[in-house]
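Okay, so subunit A shows up in both of these, paired with subunit B first and subunit C after.
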Partner chain A sequence: MTAAAAPARTPRRRRVPWSLRAAPYLFLLPNMVIFGLFTIWPALSGFNISLYSSRNGRTFEWAGTGNFERIFSDADFYQALFNTIVFVLAFVGLGVCIAVVLAVLLNAQGFGKSFFRSVFFLPVLLSPVVVGIVWRWLLERNGGLVNEALRAIGIPAVPWLVDPTLAMISVIAVSLWTNVGFYTMILLAGLQSIDPNLYEAASLDGASHLQQFRSITLPLLAPTTMVVLILSTIHGFQAFDVIYNLTGGGPVGATTLLVQYVYDNAFGPQMQYGMAAAGSVVLFLIVMSFTLLNWWLGRRAEAV
Partner chain B sequence: MTDADGKIVAIASDLTQNGPFVNTDLFEKAGVEVPESWTWEEMVTIAKEVQEKAGTEFAFAMDKSGHRLSTILSQGGTYLVQEEESSLDPAAATTALQPLVDMINDGSSPKDFWLDSGTKYAGANEVFLAQQVPVYLSGNWQVAQFEANAEFGWTTVPNPSLSSGGGFPGGKFMVGFSEGPENQLAATFLQFMNTTQSQESFITASSFMPTRADLTESGVEYPVRNEEMNVFIDDLGETPEETFAAAYSPNFDAAAQEFIKQFAEVVAGNKELAQAMEDLKAGIDSVVEQAG
Partner chain C sequence: MSISSNSSKPSTWTSTSHRKVRPAAVVRTVNLTALALLVLIPLVWTVLGSFKNQSELAQRPPTLIPRSWHPENYSTALTGFDVLRYLSNSVIVVVVATLLTLAINSMAAYALSRYNFRGKNVLFLVTLATIMIPLQVILIPVYQVTASLGLTNSLWGVILPAIATPTGVFLLRQYMLTLPDELIDSARIDGAREFGIFWRIVLPLCKPALAVLTIFSVLWRWNDFLWPLVVTNERTRTLPVALQRFASQEVVPFNLVLAIAVVSMVPVLICFLVFQRQIVQGIASTGMK
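Now for the complex of A and B:
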């Protein structure tokens, strides 16, 4: 038997070579390492710290559930919790509605599409510190541009940032202004994946725009809307930077949310890292519950 | 600064003093003479007179800080803390702070200022620099800044007196770590920085005040605003010793923050001053207890 005649045993490889199987994980590895090192490990460490008490970040005394007991008996915590819930409900509720409307309008836009999309997305790119500071100037009771404009049409100065209720409204409004563009872009992408033939067929059947919106747009947009709901909920619970620069959490704690509560405990004059970590754990559990709830409701809706 | 055994753990390297600044141009415009000394009542009256006649937005401004508010407490004879102990007298505090609260409520002192930045520190120096107020209670660290930025005439006046006068101190300490790798070098540096010559160079350049006894006795010649700096130094003579035990207490910062919170409640109209001072005492008691 010559070498040439020897049957080349090329086994039809049904099994993928290990290097190919490993490739996806190898691609993920760098990101997972960074994620693990800078997100997972600190988070686990935070859970651990919440069981200790520390005034300087170096020496830790066992506190068990002591930190949690102190948090749950702290009036400031409940105020921050209440403020956060109010903020999240308003931010998510209004944010999603506004984003859907904007996305539909932008999708239908005839001319100047790119211009309008940029206009709505621009605030997302601004530094939250800059946003907070500039809006602070705009909303100042005496001399702020907003009140000056109102004065020109005869309305007396509104205490935007120093009345507790108005301050919360201002904070919600500014946060919406800053972020709605982001959710609009996501929904816009979702809208563009809806088959236009459906709309054509529907109008041939005599459906009005509103009926088309309710029966075609909304249901098919539902998965994207779910994503936006979850993102905005998480975002709402994390709100801190814009608010801290806009009102500092004032007046008298009226706009202090949970993240600022944690921050004040960690870096205030009475540094209490343990209590701050415990506050973070509570925040984590709350956000986790809301997210799971959102997701579960979404699953049920999809099943239906 | 010494520990429980009397061992020095930090060297006081410079001193600051709280006290009022006045806009002399506004006083002149109002035809009011800048006094050599004044009581709180006189200060409020004079400030309001200048406000009316010179047409400024406010009469009196102050930084939003428990440290600055403590100046007023001290003039009323009470202190937030003393060393490690809680020491506030709510009745004395109420009497001392009432004039300021009245000014905030009648609009002669900026009101939103106390409410629109949460518990963050806010300085009213911009209000003074914008010539919106003739009298501004702050401290000597503003001297260099005002010298550079003020486009009007200004000077300092001794603190107004209530039951007593004087201001409230602050300042910085230098610390070396005994277990550090270069502890000898650190010690030498600390020693060097606090010799008569070094301290004098440092404080004259930065408009701070001396901590060395020999400098305080011999007096210091400041290249910038010598007269004004010496008003602050002279006021040290009026300042009660208890203010130092308050300012340098390890619990002062936390107590000061409680102070701001309670005071903001009063400004917002949520509480009466007397109630706030009672709540403040309770708050400080718990701060001191937690500190252990």
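Now for the complex of A and C:
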């Protein structure tokens, strides 16, 4: 702050004074230093690390494309990639559908609307650690609340977090539980910006609720839905916190996604920085392409 | 926020314009209630569980309302296991990181919105481009930078890497663009210094946008997990990281884990209840989370 204040002491002149010319750079400086040190430089050096191999996280040897060859012949990497794709497809597909339905329901609701809106948004604000711990407890095979409720209606205990397929289903369901409220809020804002006169005109013309939904709500909500689709895709590829606390990636890697693959390789006992960095590069390219797509669509939407 | 001013179908339980309660409205309310319960039951169950003793928590079938209430779970949990230290670590991280975020993001936003200078577009693009680089994909090099700066043993290592947020700069910039030019020009003619204009004139006018960024920064930092997990040690652990350890190592009885979980939820819930409007608007306008 003092750095930015200092040039202002130079006396003002008729021409553009030095203080005025230097000021924007000084105002930007702290933010850019942090970006540079902790985002841009790491992004560049991440590519570099992926070309070296390290067994202890300290000494590095040139490996060329060796790390990429290793991860592309690593069964764990393929499993993590496969798990990530399954997770993202289910998370995004179900998430967008549920959020659209919820937003439409909420928008139509009069009685207790703000209460429902608050409740659905609540899980978004919870710590992912708390969400993971609580759901692991609720989904316990013996005596967890879910299985106790099922037992009450005569269904035997379900091995939610023990069976690989069920564990993936649980991970998807809990991730939806925490995130759907967020997407619903964005869609609700989109719904509220639709001109109510359109519905009035449509119902005067005798259009049914379903027809109104199909020919007014869905097309006018499409841009917002696209934003949600891409945001949720990016969130899906970045998923780590809730899953790490819910299943720890298990059983036997069944719910290990790419972020955890990177984390396990780098900060697990092996400290395979190079391999982890190569995994990061793959993840990076995936996330970046979706973010660019998001940006491009956003710009196109603004231009229309 | 008005509740149903622009909803398409005004028929509700309490609607006076229709004589009868429409069946569609009943079905909708029942569905919404069922979904709301799906959200609320786990939370209520957690709070109730945090008041049970260990044997009651392990009981099958479980009890809903604790047979005997144990509020001392909270004092036991908070005074044992270094929880107070982790709690204060979290508070320090949230407060310092949020203040720094507000300071440097608003300065950057001011430069990008109120000045014309060489390289402006490039620097703005650089800021936006960092959105494309989430921590998850640069975890290892960020850790290396932090380690080489010697920050891994202090809370600065948790705080500093994330204080420059592209969404914060973007949000504040959009807001500052709406301020009238005359305000700043006349201050300049009056001989105000550049930083003085920013500090005394622009910042006070940006209070609504600063409030939104404050709320989000508090929520981000309080719940932040992956980075603190990587960078903290026994002394510098934040509450979520400590909670994860407690739950996975099973050293801490689970009723106490639940009590700590509830404690960690309280600030977020208060924040939400007080600032709900700003949070919803912030999400709707920027898609930030």
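Please note the rule applied: the second predicted complex is superposed on the first by the 247 of 304 C-alpha atoms of A that agree within 3 Å, B and C clash if a C-alpha of one lies under 4 Å from a C-alpha of the other, contacts with A are read in each partner's own complex, and residues count from 1 in each chain.
Basically, contacts are C-beta pairs under 8 Å (C-beta built on N, C-alpha and C of every residue); 3 or more make two chains touch, one makes a residue touch a chain.
This one's a predicted model, so the numbers in the text were calculated from it and none came from an experiment.
In the superposed model, A:N142 makes contact with both subunit B and subunit C. For subunit A, the partner that touches more of its residues is C, with subunit B and subunit C as the two candidates. In the superposed pair of complexes, A:V162 makes contact with subunit B only, with no contact to subunit C. In the superposed model, A:D241 lies in contact with subunit C only, and not with subunit B. Touched by subunit B in one complex and by subunit C in the other are residues 136, 142, 244, 248 of subunit A.
Listing the residues of subunit A that touch subunit B in their complex gives 136, 140-142, 159, 161-162, 164, 244, 247-253, 255-256, 264, 268-270. Interface residues of subunit C facing subunit A in the complex, by the touch rule stated above, are 1, 3-4, 6-15, 24-25, 28-29, 31-32, 35-36, 38-43, 45-46, 49, 58, 60-62, 103-105, 107-108, 110-112, 115, 117, 120, 123, 126-128, 130-134, 136-146, 149, 160-164, 169, 191, 193-196, 198, 219, 222-223, 225-226, 230, 240-241, 243-244, 247-248, 254, 257-258, 261, 264-265, 268-269, 271-272, 276, 279-280, 283-284, 287, 289.
Remark: subunit A residues 1, 4-5, 7-9, 12, 19-21, 23-25, 27-28, 30-32, 34-35, 37-43, 45-46, 49, 102, 105-130, 132-138, 142-143, 145, 148, 151-152, 177, 181-182, 185-186, 188-189, 192, 194, 196, 199, 209, 212, 217, 227, 231, 234-235, 238, 240-241, 244-245, 248, 259, 262-263, 266-267, 273, 276-277, 280-281, 283-284, 287-288, 291-292, 295 touch subunit C in the complex.
The touching residues of subunit B, when paired with subunit A in their complex, are 111-112, 115-120, 253-254, 256-257, 261, 264-265, 268, 270, 287, 290-291.
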